[in-house]
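Quick notes on the structure that follows.
Chain nomenclature is as follows: A, B, C and D, assigned in order of appearance, with residue numbering initiated at 1 for each chain independently.
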Amino acid sequence: MTSETVEKDEELSINSNVLDSDDEEDDLFKDWSSIAKLSKSQAVVPKRGDKDYEPDGTNAQELLLYRAKKAMFDSISDAARGTVVKNQIKAYYVPQCHRAFIPHPRGNFMHTMGKVDRNGTCWLTFNEFVYLAERGTITPYFKRSDRESHELDPLLSIQDLYLLFKTAQETDEFAVFAHLKRLGFIVISSQLTPKSESADIPHTDVKKGFRQGLSTLTKAIFTFFPVPTYHPLQYHLTRYTTSSQIYEALKNLVPYYAAPKTMHDLEKDKYVTKFEGDDHEFTFDVWKPRGTFKKKVPGPPDFQLLVFNKNSSDCTFPTYAEIKQRFRSVRSKYEGSLTQAHTASSPGSKEVGKAVKRLNPYIEQQRRLKRGYRSFILAVMDDGLISFVKLTESDFGSEDVWFKTSGKTSKERSGPAQPKRRNAKNSINKQIPQTPPTSKNLPAET
Amino acid sequence: MNEHTKIAISLVKGNSNSGTPLVFDIDDIKKLRNWGTAGILTGTLPSAAQQNGFLSVPLRLMVEEALWLVDSGMAFFFTGPETVTAAAETLTAREMEHALERQEKSFAEQRLFKKQQHAEKMASLGIPFDEEKASFTLLESSLFVETPSVSELVSATIDQNSARQEELWIKLYNGLRNTGDYFVYKALKQNHYFLSPGARFGGRFIAYPGDPLRYHSHMTVQPALDYNRDPLDLLQVVSGGRLGTGVKKLWVVAGVKMDDEKEAKEDVSFFSIEWAGFG
Amino acid sequence: MPKYVPNVKYYKYPLPIHPLDNLPELVLHNPISWVFWLYSYVSSTNLLPSKVHVKFSSGKHITVADPDEMLYLWRNGFFGTAQLSRSEPTWKERTLNRLGLLESSRALEHVTEQRRLQRLEFKRERANFEAVKRELRHQGVEESEITNQERKFLQSLREQETQDQETTTTDVQFREADAELFDDNNKIVDLEVLELMPVEAMFLTFALPVLDLPAHSLARSLVGNNPSYADINDLCTKYAAYHHYRSHGWCVRSGIKFGCDFLLYKRGPPFHHAEFGIMVLNSDDSMDYTWYASSARVVGGAKKSFILCYVELLIPREEALLLWQQGKFARLFASYKMGEVMYRRWVPGKNRD
Amino acid sequence: MNNSLVFELVTSNLTHQQLWDAVKAHKLSNSVNSDIWVVNGCPPHKLSNDDVELTNEWILPVELQQYDRGSLTLELADQIFAELRCRRIILGIVNDDGTVVYYFMYKGLHKPKKN
């Protein structure tokens, strides 16, 4: 009976929860009436007005709709793009390199965007150019090839800028770029991020590292020749005195991909990937908003992101092989379940070297299962609406969650499920605090 | 419908298979809305540039939407970075002068307006207004340079030639992941629904009984099925029906009838599914 | 956390094969205890006294009909689902209760049913008010006044509801169809059977010696004598995944109600809510995005983590088919490799600091 | 499609778990190349507030086999609607875990419940 209570509870829980999450997502079409009050300094999003079930033919409803539409179109029309002459920054698009330059650069945006060359000219990627033009921060011009002077270079409209995108994929990428920029994230094309190559390579001997990579591979192959079991006579010959023994016998059958779990393993995996030319670029590297960001030494990104158009015949959702390749190429900060590893890679962390508090193994296991290991973000474009999905490497094969039974001890009967003490996972854990806090991925703090 | 009342849909990179249909003119966006097409605003709203809830032009259309608008004679496509580059490079000195004149005219209007405003303010404070004394540099530096939404460069070169339009249409149609969705879209439009992209709700489209600004959505429409061949995915029915119960939307499946060459016929059969409330 | 921990004694063992946990104590300095221990060891077995009897009904539905065996499978690892209940076989008790033949308190289903009816009534009232609202609008009444009235109406509804809950009574109902529930001695017939998912049945005969149906017979009954690889692929991949999770200690149950393949429970449903919803895929699958999105929404909506379990076949398909035909299931299932990816919605605004 | 093996399971489930009255199975006549059964019965109470009164319902038993694909096409659904001439049918989805779940299926575009 009690089990039914739980299960029923569980089912009933769906509806309300889904509803909750929808309230937040159904904001596709909102109440624009108070948008006029918004200014650059206070971006307070107004609450959604109550909506009706369907048109009922009343004038009152017509009026409400009329007002809603008017508020929306007024807000759009009133907010002209551009700047006053005093603040005007001119940027020129160069079709030959699909970039734009600012001859006399100034402004806050330069902390996170653009690249200044020897002559003091700031070069913007096309995404940065369009984004800044759309905000009104820069005025976009077209650099005509035949003349030096900017006098006769034509002003570009927003429409011109969009028409200059090279591919539909590029427009999708821009949409994702702008979406994150508006929220304050620092977004740089993964191809352009300065990579601290040398710091990435583990300090171990190069060849040794590769051999170790191979040995993990052979170990993996080994697991699919299981210990002979499942023989009809097995239970006549063997006696199991604990449930754990039965589980140990059962769990050897099906092989699994184990996630690298120490900083060392991660670096090795990354290195082998690079060594074999199996490194796959993401679309964007993303950093959380921060004032201390330095373009030249950005440190590892907080997230790496791949843009995917769900409606185009050119794109398909990644297969497992593709997802795995991506995991191996991830250079973003490790968000996985190993707090120790995380600490070691946070730039400027003072905690490095400090003895890390050991948690209850049950809680640690729970955390590994819930948090997973390496991850990246998939930005899914649906004709203008963007959803983000986080794909995280998980590993259930390395965890044993059975509870111990023993006829004699009664203390475990009422407690939470106890993980096995002796399992492989825990022994790895014990190694973690001993893993030297490596300096890899730490940006040179100057 | 009159040719020049047609709406211009800019097809970003319409020469490859996929293209992104965008509309830049606010009046066109209003027209579309009154015709039952909402689209998705995707551009930064300069007055509130740090949020994603309220956005501005361009308006992005679903590919099915763009195909349907052109098919029904309400819109036409135009495309190409070449167009912009060519137009910009071949701009004559005379045309540039025109552009600068327009800019100057806008400045003149602004100056006049600002002066008037200043005068009114002074008058209300009881201070006599002296035009000579008004700071010229302050005035000049506060003039607004607008980045327009709609292109003046390419408007002259728009090609509404029907063969070209058809070529673009077919390419865009072939770039759809599921071409049956176009027929589902069309059938729903014939039933006067407003439609928006539905991936966030686990569907191809979300259907509203009227303008989404005022009405809740009624249905999550699934990607088109082949009417005669595709079996209903019952596991999806179970999860879809459950989702629908929570969000008060029906889970709608649509079968597109195909002819012998597996080409879609304009005949769509809909079924609406919801949890029966027991079991 | 469990809402209520039942007598753990019922669920002492995680599997229907029990360890020998009643061996006598082994005292190091007492050789007699060694002999006694050895004797006990050799003479005992993990095997069941008799295997659980299963049969196929309604086509490929694998069922257990004996009430004791049903209960045994449920209590030792939560295997199977009772066809007329939700999980644990409770139909007989519920029916006795419904017909007023049992002293004990009202069954849970009954209470839930009452509540459901009340909710329906509440909604009906709500619909009536919508009509009133429309009428008010037609009359040109101010929006603020309408909102005001709506608030009052909702308040009165809520009061009514609390009242109803206090006065509900259990009414005994007897239907025509209930007549067939009694045998000649006027005893109630137990119509309930426990159904095992094919993967559960396979686990209980291939991995553990529990069912009286050998693995190869089960395999043949499920896909016929001469299957192609396509015919066995789903069964094999899902079995390998099931075995993978079961053997690492999870209680694995069908995920059908949440639109996925499996749910993973720690210990079992009476102890915890399922924390993970598993979808089993072939490693080269790439589905339409809508498929991932809707599945993830249902599982995520119930606050469970959504796991894509990718299964990779490490040997050629023909070889796998051959192993199936030869009944070499251990080698066959060992040729599927598991890889897991967690899939969850990510909200940029919530990940800024 | 062939549901001749599971219609009894659904009949029994409706009668003894869902407590429906007068539950009877019928074989459809004009469905081509298939052996299709539907179940008719009366629920213990109105299933939806949008229903005007308590009426007999048609249930189509379908089997969800996780190990092979179903075969209910929309074409077939149309044929069933054509024969039964009802505004909705209820899909009785028989799962391989021993449960039966029920879903309304309306022909055409239908409005969701108001509340």
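We adopt the following convention: a contact is a pair of C-beta atoms (placed from the backbone, for glycine too) under 8 Å apart; a residue touches a chain by one contact, two chains touch by 3 or more.
Everything numeric here is computed off the predicted structure, so don't read it as measured data.
Peer 1: Where the centre of all protein Cα atoms falls, which chain's Cα centre is nearest to that point?
Peer 2: When every chain is reduced to its C-alpha mean, the one closest to the whole-protein mean is A.
Peer 1: Which chain pair shares more contacting C-beta pairs: B-C, or A-C?
Peer 2: If we tally the C-beta pairs in contact for B-C and A-C, the bigger total goes to A-C.
Peer 1: Please tell me the distance, in whole Å, between the geometric centres of subunit B and subunit C computed from their C-alpha atoms.
Peer 2: Centre separation, subunit B to subunit C: 46 Å.
Peer 1: Taking each chain's centre as its mean C-alpha position, how far apart are subunit A and subunit C in Å?
Peer 2: 33
Peer 1: Using mean CA coordinates as chain centres, what's the gap between subunit A and subunit D in Å?
Peer 2: A distance of 44 Å separates the two centres.
Peer 1: Calculate how many whole Å lie between the centre of subunit C and the centre of subunit D, each centre taken as the average of the chain's C-alpha atoms.
Peer 2: Here the centre of subunit D sits 23 Å away from the centre of subunit C.
Peer 1: Multi-chain contacts only, two chains or more: what residues does subunit D have there?
Peer 2: Counting only residues that touch two or more other chains, subunit D contributes 13, 17, 64, 66, 99-101, 111, 113-115.
Peer 1: Among the residues of subunit B, which ones contact at least 2 other chains?
Peer 2: Each of 177, 198-201, 209, 218, 235, 238, 242-243, 246 in subunit B touches at least two other chains.
Peer 1: Indicate the residues of subunit C shared as contacts by at least two other chains.
Peer 2: Touching at least two other chains: 85-86, 130, 256-258, 288-290, 293, 297-298, 301.
Peer 1: Across the complex, what residues on subunit D touch subunit B?
Peer 2: 13, 17-18, 43, 47-48, 62, 64, 66, 69-75, 77-78, 90-93, 99-113, 115
Peer 1: Along subunit B, where are the residues that touch subunit C in the complex?
Peer 2: Per the stated touch rule, the residues are 177-178, 198-204, 222-223, 235-236, 238-240, 242-243, 246.
Peer 1: Which residues, counting only subunit D, touch subunit C once they are in their complex?
Peer 2: 5-6, 8-9, 12-13, 15-17, 19, 21-23, 45-46, 49, 63-68, 94-101, 113-115
Peer 1: Where on subunit B is subunit A touching in the complex?
Peer 2: 10, 12-13, 16-20, 22, 24, 26, 29-30, 33, 38-54, 56-58, 60-63, 65, 79-81, 83-85, 88-89, 91, 93, 96, 99, 103, 140-154, 174-177, 196-201, 206, 209-218, 242-243, 245-247
Peer 1: What part of subunit B is in contact with subunit D in the complex they form?
Peer 2: 188, 191, 207, 209, 218-219, 225, 227-235, 237-238, 241, 244, 248-250, 252-255, 269-279
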